[in-house]
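Shared between the two complexes below is chain A, which has chain B as its partner in the first and chain C in the second.
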Partner chain A sequence: MTLTSYKYADTIHRCFRCGYCKFPTNWADVNNCPAYARFRMETYSCGGRLWLIRAWLSNEIEWTDHLAKIMYTCTACKNCEEKCPLRFNVDIMNMITAVKGEMVERGLIPSQVKDFLENIQRQGNPYGKARAKRGEWTEGIEIPKYKGQDFLYYVGCVGSYDTRAQETARTLGKVLTKAGVSFGVLGGEENCDGNEVNALGEETLFEMMAEENVTQFKELGVQKIVTLSPHSYNTFKNDYPLHDGNFEVFHYTQALRDLIQGERLDVSRGLNTRVAYHDPCFLGRWNGEYDAPRMILNAIPGIELVELEKNRAGALCCGGGGGNFYTDFLGGSESSPARIRAREAYDTGANILAVACPNCMTMLEDAVKAEGLEDKIDVKDISEIVVEATGIA
Partner chain B sequence: MDVVVCIKRVPDTADVVEIDASGNDIETDGLAFKINDWDEYALEAAVQLTEKQGGSIIAITVGPKEWDDVLRRALAIGADRAIRIDQDMVTADCYAVAKVLEALIRNLSYDLVLFGAQSEDFGSAQLGVMVAELLGIPHASLVVSLQVDQTTARIKRELEAGTLEAYAVELPALLTIQTGINQPRYISMAGIKRAMSKELQVISLSDLDLTQETLSPTVMLEKLELPPKDKKAELISGSPEESAEQLARILQNSGIF
Partner chain C sequence: MDHVKEALAVIVGEEHVSTEPEELYIYSYDLGTTEPRRPDYAVAPRTTEEVRRIVELANQEKIPIVPLGGGLSLAGLAVPLQGGIALDLKRMDTIIEVSEKARYAVVECGVSQGQLTAYLEKNHPNLMHSEPGAPPQATIAGNVAIHGQGDLAQPYGFNSDMVNGLEVVLPTGEVCKFGSCAVGANWYTQHPLPDVGLFLGWAGTTGIITKVSLKLYPRKKIQGVGQFVVEDEELIPEIIYRITHTEAAHDVVAFSQAIPPFASGLHHITINLSADSEKELDFKMELIFDDTLGEYIRSGDGGFLGFNRGLQRPQISKTADWRKGGGFEYVGAIMPVETYPQCYRRGREISERHDIPYTVLGRVIGMSHAMMFSWTYAFNRADLETIRQAREALHETDDLALELGGTIWKPGIYGQKLVLERIDPNTLKLMKKVKQLLDPNGIMNPGNWEVS
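And now, the complex of A and B:
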């Protein structure tokens, strides 16, 4: 690919690096691009990336491993699209994904990204853990296999394999059962949803995965899907229709909100605590769902919901998007976005930092420990808060 | 620069290894398979050479039909054509496999033959060297650096403790490639799809004038065993200061420092 054959050749030069892409909605600082917050160099900001893309595709600079890493530090959080004042802002993510796609095509990707994608190819999960173990998260609890029930409960890779996120997956299963929802899981037959594969620029692999999942879902008669992860929710809702997969998709916070409002889930037992809620990018900025998680928390008696300084469309990403929960290009520093976020949560005086995404859960729980705040603030998934408020054992 | 690269398909054991009922193979049910790690480095080395100096790459394997997938990956990374000798020799001894490969390679035109230094499954690290001996060409194993001109390969091979040994090897030659010599590129799914149109030739033992009898093994695999579980783990408890002191004492007593 050269600049002339690049799909966004007509627009990419319009970025004049005003720097708005680094701000949150409240203009409090310039650190709302997670990679820029971590490295504090213009090259890691969205504008810097766009200029580097243009330079690389024009042969003004050569490909280096460092250049590839700069591209892959993008967490696809969409803060830049939210803040960019120019009309081409709707394509910023696509501009970056397209250049990742070119790097994938030439085989020129960082080794961590290569491992991620090869693990997906071989085992169907980024960790490279055995495909045969995907269903092990269900051990020890009664959770039905999907056999034509109303909802497919889709768990995703992080919920299936990460020890902490597995707890969340099980907890949500318990809540859905308690509320009498007709649902089932795929367990060992579940495959990766591909959202991150797409964000990493491996378009052909993503298409194959989407097509396989759509075929499987249709064969099983799936019509409604409730997802643990906003990443799965995003791709099922926005990408799968392009692959003939038209399902009614819910993030679990939307399902729980409806169950509470429909009085099928009784949270009147309540929970006396102060909670700060962290908006996941793939639920918030990508899909505009800011209210469902807050409505759940507000419905629980005793909970005082406080807002993080940067919230809703201006929320700071945990740094785990775009595969970074695995590749960890943003880790290892006080300036790692998850650690900044952990400090922000502590500053609200909250006892609980509530999350609604297994990726955010793993990122923020590690960050709270790294900050030495584990005795001061707990990271809990909203389903875990609901379980406490309903008194389910 | 014409290069022949010999590759192998191995199980991606992830975190599951079980021995099957026969006792001399692992349970492969439910396992994913992949190209042998070392062979990926050998392929990358071949592609980097031909990208720079021109020439062709032939990828070879010995195995049943399922092994076509590793040849497709080789074609996707840059091999011009691939040959599979249709014979299941996973548990055969290296010498038998070496004879099969030699029978094919001796009729090919090549300047270099590359192998991975060893395989991930059996790990004997013998095959490449045996093939070189049968072909009667010079060889070097555990190669970590490679520069080639028209007549000579200048290589460095790895010895213990980070020591390197430098050689000039006259071509044609056979090298077994150590990991770390390069950074193997990612093979995209689009690349693998495109490579479906490249030539993948399948030949049999009889095409090489070989019979099953000529392959009778000199070494037989009798039994596989998982390493015995040892109960030597010691848990250190106490404050960080106390734990550090205990750990230091253990390390001191065991002669580590």
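And now, the complex of A and C:
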């Protein structure tokens, strides 16, 4: 690799490695970088990564499997950008994504990442499950196909294939139906949104996917999209406009908030329970949406909403971003961020850990089980809480 | 796998020991201008027992150990000059106890300044510790091990003066306790047992501090910072003398810097005040800014820039970006307060000679008993010439600090050499005896404070 081929060669040395990037907003620990929390070696912190990238660029170190793994343990949670006090902080994620791109281009990626990308290319989803099965999550419920309705309900890969996340996808479909929203889904015609492909550094594949999706959406006359996943929301909102895809994009919590406030969704039946809400990175730090999920929960009578100590812009990532829900570089330890987060949720005394992201759902539900807390705290999607509060069967 | 790595993996677990080039690269660097030196192993223990076993192993194998806290000394004190084990202690991060009534905290050595601040704010809002001007990752133990100071230095002195007790793994592997905890009592006092202060200020060359009991102090409900400015640096010692006479402030810092240019040449004095009521705050404000500093305002020599409520976390690392280069290092020296004008003028000259925007700062320690004066030199990590310039400026400043009658704080190798050349021969002899007695195999952070 040469200095000239790396877009950030002129700025990457500006990281002082002061360590702010590891902290949450309240400075309670140094574990808010998920990869650093997991491994607790300086190399896995954001600063360590930036110094290693620079060392690789300047031929001070050679590429190794270990270097690639260090880069790909980054979950793209953006805590580092949030906390870094220096002015170049807006480019930190770009710097890391750019080096992943270099590794992709040169075939220097970990096997798990290779599998992820190959599965996307072959089957349109990271799991490598048959493309033809993408719409199976709709079986057993009445979910309309998209045919020019007001909203395209975009489910994404995790909601389409992961068994637990499929439940939330169906539940949200029921809620939207109950509220009388004019919407439809693509089912088996849906393709991966590409957010994780982009984060993994496969820019060319991402561009192709974005362009295909934009073409499809336009051909179908889509103007408004409501997404199950904050990851889809992020890329539709921020990346697709660069590919001529200008749609009005909503995360489903924004849609449900509007439906409740517009009295189209009656949650007055309520739910007597204590709920802690986990902010997903791609809704919170990436897109600044912290309030919509909380407004929904606060609107439901009987719910006592408690805050995790690390919340909003200081929330700890579940560890599933940047493809890690599949590659699982951060799993297998008490120090896995999802398990830390599960313990933090339990410490609030909440009965329910509310999530608004299918990736967070799968990561945190597994973590709650691994911690032996499944009898003490349930992981539920906000749509599932809303269903209970509305009394929809 | 080599047999040492294998043995280390048995002690700390495979995930917490590395011989991979990436870890060895990162742990070879200080954040300042010190040349990197690679360790052979990077190890992150979790318990005192693990540290003890690592030290035993290092003695058997005659391998150096370099303990590392936040890694922010900026003097190369944790660079493994002779290879060996880079011992990252940040996993040992439990706050073991806080005694509200006796006002102390017992912490493991990896607890960061930010972590203790957050813990106290949440659980003991009436207590605070003296937080240094470093980024929050700096550790409590690392800071006392180098005689650090914090934002309570003016009333209470060095942070190492606030130590009630220590747990230390000696270089030969024994775990020792010092202070009241040594006799099985609580960790509430360092005195009156025989003084065995062999670990503070030794930069990890006489043992590994694994637990610290640190004094805490009353935290009042209202905190804030008042700013006063003068143009004549000769006025600073007198002003500091007068402010400290009031005994009303809890941090007094005078500084001057080239950036932003409009403030270059001015001397700002920040005065931290705290109070439990508006009445108390009004009284302190009047005492300091009217009764004490009023005459400077009336004569036109000084100006009151206002009082802001709330304390901001130190943003020192922003200095690293002044040359958009990600680096800075400073010489800190413990200086008589009356040397402020010379420290400023001579330091500014050094900076300008090396084409570096000047930044000088003096934090008052005690009732004007001394100040920690820092001369900061930013450099561009991608430009070797600026690193060379900064290194030269740092060395000139080490010389200057001693010339002006000061003592270099946490000196790097160059400064240590200057100090050891000047130190009383009998003191040096005693230091050698202590070092040989405690560390017969010379495994603890070798290359630093080489008295043997």
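Rule of thumb we're sticking to: the second predicted complex is superposed on the first by the 390 of 393 C-alpha atoms of A that agree within 3 Å, B and C clash if a C-alpha of one lies under 4 Å from a C-alpha of the other, contacts with A are read in each partner's own complex, and residues count from 1 in each chain.
One rule holds in what follows: contacts are C-beta pairs under 8 Å (C-beta built on N, C-alpha and C of every residue); 3 or more make two chains touch, one makes a residue touch a chain.
Remember, it's a predicted structure, so these values are computed and weren't measured experimentally.
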Between chain B and chain C, point out the one touching more chain A residues. C
So in the superposed three-chain picture, is A:T204 touching just chain B, just chain C, both, or none of them (first/second/both/neither)? first
Go through the superposed model and pick first if A:R131 touches only chain B, second if only chain C, both, or neither. first
First, second, both or neither for A:A370, with chain B first and chain C second: neither
Touching A:V306 in the superposition: chain B (first), chain C (second), both, neither? neither
Mind working out whether A:I392 is in touch with chain B, chain C, both or neither, as first, second, both or neither? neither
Between chain B (first) and chain C (second), which, if any, makes contact with A:M295: first, second, both or neither? neither
Regarding the shared-chain residue A:L86, is it in contact with chain B (first), chain C (second), both, or neither? second
Chain B/chain C common contact set on chain A: none
Please give the residue numbers of chain A that touch chain C in the complex, ascending. 10-11, 13-20, 22-23, 26-30, 39-43, 48, 51-52, 55, 60-62, 64, 66-67, 70, 85-88, 309, 333
Going by the contact rule set out above, which residues of chain C touch chain A in the complex? 15-16, 18, 20-23, 25-27, 29, 31, 42, 44, 70-72, 88, 90-91, 93, 112, 114-115, 117-119, 121-122, 135-137, 313, 315-318, 320-321, 324-328, 380-382
Enumerate the contact residues on chain B facing chain A in the complex. 12, 14-16, 30-34, 77, 183-191, 193
Which residues, counting only chain A, touch chain B once they are in their complex? 65, 104-109, 111, 113-114, 117-118, 121-123, 128-133, 202-205, 208
